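The structures considered in this document are given below.
Shared between the two complexes below is chain A, which pairs with chain B and chain C, respectively.
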Partner chain A sequence: MKAIQAAKTGGGQWLLYLYGIYLALPVYWLVSLSLRSNQSIVGTTGDAGLTFANYQEIFTNPVWYTGFANSLSYVAINTVISVTVALPAAYAFSRYRFIGDKHLFFWLLTNRMAPPAVFLLPFFQLYSAVGLFDTPLAVALAHCLFTVPLSVWILEGFMSSVPRSLDEMARIDGHSLPYFFLRIFLPTIKSGIGVTVFFCFMFSWVELLLARTLTGSAAKPIVVVMTRTVSASGIDWGVLAAAGVLTIVPGLAVVWFVRKHLVKGFALGRVS
Partner chain B sequence: MHDNRAWFGVLPVLLIVSFSAVIPLITVVNYSVQDIFDVDTRLFVGLDWYRETLRDPRFLDALLRQAGFSILILGIEIPLGILVARALPTEGRRVGLILVLMAIPLLIPWNVVGTIWQLFARPDIGLLGSFVNGLGVEFNFTANRLDAWITLLMMDVWHWTSLVALLTFSGLSSIPSAYYQAATMDGASRWQVFRHVELPRLKSVLMIAVLLRLMDSFMIYTEPFVLTGGGPGNSTTFLSQYLTTMAVGQFDLGPAAAFSVLYFLVVLLLCWLFYTSMTTNAEEQ
Partner chain C sequence: MAEVVLEDLSFRYPGAAADTLAGLNLTVMRGEAHALLGSSGSGKTTLLNLLSGLLPAQHGRILFDGQDVSQVAPWQRGVTQVFQFPVLYEAMSVAANLAFVMRDIPDKQRSERVAEIAGKLGIDSVLDRRPAGLTLVQKQLAAIAKALVRPGVSLVLLDEPLTAAEPEHKWQLRQTLKSLQQELGATMIYVTHDQTEALTFADRVSVLHQGVILQTATPQALVEKPVHEHVGYFVGTPGMNLLEGIIREGGCWVDGIRLAAIHAADGPCKVGFRPEWARIEQRSNNVVDKATNTLPVVIRGTRTLTTSRGQSLGLAVARLGESEVVTRQTLTGLETGAGWLSIDPERILCFRDGWRLTDHA
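Right, the complex of A and B next:
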């Protein structure tokens, strides 16, 4: 048994430790800078005591906390839209063959893979023309470019692993399709829905280019606030680091609940 | 089951996506064949912008840099990810925790990844930067091209290797113990076990890993934008950043649109490869 274990892991514990240190060091540095004053970071004063002033600044300065609020609002809108429209579509792809289904499924994927920069110019003009520029809704709709395909692909992966006999039994029992879908099928794949919500949330939360281009001053998201923190006295590294720590928190808060499905989500539902 | 009424299920998605992808794409193609002076003065120029883009040395440089970057990060992340996945323990309660900790870089906003590495690598306030300079090695990623590239590669490896490792790990855990048993009885070396037992079973997940990394690295924008701003000079300006400068920095509508279409076509080709490899895998299983 030991020999098998050795053949499986191939030793290499040291590599794991090195990799762990490599991953941890930059994060450690971010957290440690976030707890120091800017003067102590740039070295003008010798004082290196811990301080929560940077976090206090973020929670009390409207530029920072409205940035967080703006980001959360378009991420929430985006997630609701994406998952709602993706559910029936994923069911259709998973359970039926219809004209053009494969092409459509592929075409959705191309949108997930397309560089947002390609869509920048028309987005900017389209959303300006319909008066949505500088609103959370504009960013939410723009992010649908990749979150809707993502949701369809992930949900399809989860739905396809539910045996078809469930559908057939419901039909024999005389349940209508909407009743079956809402009352029986959705509860069956609720972990899949949770994973999809998580990934919509995440990919919308981390995106910068579209969010920056489609917002001005009113709906400015946190990721944009972070890239524009240069004041007259230079960059306040401590506050920047604190903001960085805070943007990581939402992902960390929920990752534990989706840990078993992380790989599936990143691989667009193609890995079991 | 064949039923064309299933189209009704797909309709909402089509509506949303037409707003977020179809109309913009048509607009881009439309712009790419016109010379636009203002809203009312437009001139049909055919394929002129495409010819110009393909001859533009800055476009070709960005494309070359992009290809070089993608090849380098694949060359580091795929082998490293496999090694890390093989070194992970296969059983026990620790596994879940280790996997979650490894996944953390994947969940950090991309601009924050840039910020983290900026704070980490700066020669004045960074742990890494000041350490390397303390060793007597000149290191400054905002002034030196090579240093900028090294920092960028380290950042991308830090950001995405875990994805390769997680994918490989899920592939490895689907290999039955009996395979290893047989290999141990035959006295196979570690390399032989990897080459003849694991690699064949990892083919599909590795394909997914390679193509995901290839395509996502091909659209990289945020991290280099925050870290180096594309500099020093243009040495870390990749396709997305060059296109962004053209489209919303200078408002060169025609050339930017032609650029977008070419860029999109390259990605489409990669995407098609991804799709075919997925679907053939699904049929094999």
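Right, the complex of A and C next:
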């Protein structure tokens, strides 16, 4: 206890501030760039006035805002599919013993051991063949290969920490399994669902390789649009920075909404 | 509340080599507080699940008031259960939890019933709160209320409900439970491995051992007339003393000394007596007087449990050949060394092949 007190008031505090500055500096840089004109950034004029022109460009140019829409839609589809599929699967792994359950559970993780690039070619051919290429659904399904196993693992941990007597109690109380699952069990593990949503969202939102390969012009995600902002007059630094700032926002929003569950969820995970 | 009858009830888990429960017969009367006492692995949880209907009966029947409910779903049986650790639906308030099990009853009656039961258990003040904010004891009281609140409950099962409670709360919880049981006239089956809980809670106790009910009797009868060695040993703190003996000439003998009269076929037997039925006295070292009913022992030590009026009462431990003997008596003046063990001949029990030889002279 004393050591912690000392760290709070002494040198440890400064270390913490330094670390905070280290983390915040790129974000600050990005925000400041996004509020300046290109001329100001590359330093050809001395004009350093604030401008919202870069943001205006993003919200008025369809290339930019459809990029955001595409990204958000495949991330949302991915998160919904992952959680919906993983909930019953995790329940089965947590509550039932069946032949090969442990092997299957481990096998889920092996998918995560391969880098996404491994799956590029098969996915590209598959989605081209079935006509899903260049749709948000294609990216969402491809991301599911990684987020579903992850979700099953996370949720299984949370479900196994709920005593089995809750299930038995519900059966004695005369509730059907679906009713029990939706009305009693899900509210009990809502922290776990929060954590799962967070991880699915984060994976899908920042993933670039699959998202770029599986989309053409129609479903181009924001991260891809950002890598293609080179015009005849050079790179549009200001707009790029504004897009970067806007890309951080949804992540912040998700963390904000599930923050209570995240803290609780991570604490639970640490205990068990 | 119902009368519960088990008829030749057996159960074997799929793939298991032996029956978990083998041919149980038991009648629990309407309004009786019954305890199932057994160590872990004795099959009590399986029996509990059969009674609640979580497991389907394979062989034999379960009758509630004469109705065969072996294949009836838990809810239709009207069984409720209190688990080791309080189980409540976290997403609802305590009141909602209680009302939730009475969904087939009109609203007004429901809230009256909730208030009534909550009052009896002293949890009215926490009715509006979520279970997460309650203490363990409050949660378990709420779980007990949940089990009792539904009108027309035929049987209440209690699965070691005091496990989670602190020792100082156990006694209070058990008293609450017991008085509520009497007030409501509820048929209760209390499952536990703790004999103190079983003996103090129940009107009658069934001792379950390796899937068989060895004895069903009042707590007093279990102490005084156990029908099986295991019952004698398992019930009582410390358990019954068991000595290797022999039956001949109409009496039972240990180490060549006749301890009591018995009419049974000659042969080896186990001689059992409770620590309260015997006493150990000091003897001067070299004297070995072969008096009836008295065995020479070596006193190993004593443990004082209470002291009153200068007399210390407690346990005396002595060796008799290979066996250890424990008595409960006054310890004043008792020292390690040679001693005499005398056993009340009226109460000595003889066992053969585990079972008590009943034909006492």
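The working rule: the second predicted complex is superposed on the first by the 244 of 272 C-alpha atoms of A that agree within 3 Å, B and C clash if a C-alpha of one lies under 4 Å from a C-alpha of the other, contacts with A are read in each partner's own complex, and residues count from 1 in each chain.
As a convention for this text, contacts are C-beta pairs under 8 Å (C-beta built on N, C-alpha and C of every residue); 3 or more make two chains touch, one makes a residue touch a chain.
Quick caveat, the model's predicted, so the values are computed rather than measured.
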Superposed partners chain B and chain C on chain A - clash or fit: fit
Contacts of A:L166 with chain B and chain C, given as first, second, both or neither: second
Partner chain(s) touched by A:L262 [first = chain B, second = chain C, both, neither]: first
Chain B versus chain C as contact partner of A:C144, first or second or both or neither: first
Which superposed partner A:T188 touches (first chain B, second chain C, both, neither): second
Inter-centroid angle chain B-chain A-chain C after superposition on A [Cα, multiple of 10°]: 90
First (chain B), second (chain C), both or neither touched by A:G131: neither
Partner chain in contact with A:I81 - chain B first, chain C second, else both or neither: first
Touching partner for A:L25 - first (chain B), second (chain C), both, neither: first
Greater chain A contact set [chain C / chain B]: B
First, second, both or neither for A:W205, with chain B first and chain C second: first
Nearest-approach distance, in Å, of chain C Cα atoms to those of chain B in the combined model: 10
Touching both chain B and chain C, residues of chain A: none
Residue ranges of chain B touching chain A (in the complex, touch as defined): 1-10, 12-13, 15-17, 19-21, 23-25, 27-28, 31, 80, 83-84, 86-90, 96, 99-112, 115-117, 119-120, 124-128, 158, 161-163, 166-167, 169-172, 174, 177, 180-181, 183-184, 188, 190, 193-194, 205, 208, 212, 215, 218-219, 221-222, 225-226, 239-241, 243-244, 247-248, 253, 256-257, 260, 263-264, 267-268, 270-272, 274-275, 278
In the complex with chain C, residue positions of chain A that touch it: 163, 165-166, 168-169, 171-174, 183-184, 187-188
Parts of chain A lying in touch with chain B, wherever the complex brings them together: 3-5, 7-13, 15-16, 19-20, 22-23, 25-27, 29-30, 33, 41-43, 81, 84-86, 88-89, 91-93, 95-99, 101, 104, 106, 108-111, 113-126, 141-142, 144-145, 148-149, 152, 202, 205-209, 213, 223, 226-227, 237, 240-241, 244, 247-248, 251-252, 255-256, 259, 262-263, 266-267, 270-272
Residue ranges of chain C touching chain A (in the complex, touch as defined): 49, 52-54, 73-76, 79-81, 83-85, 87, 89-91, 100-101
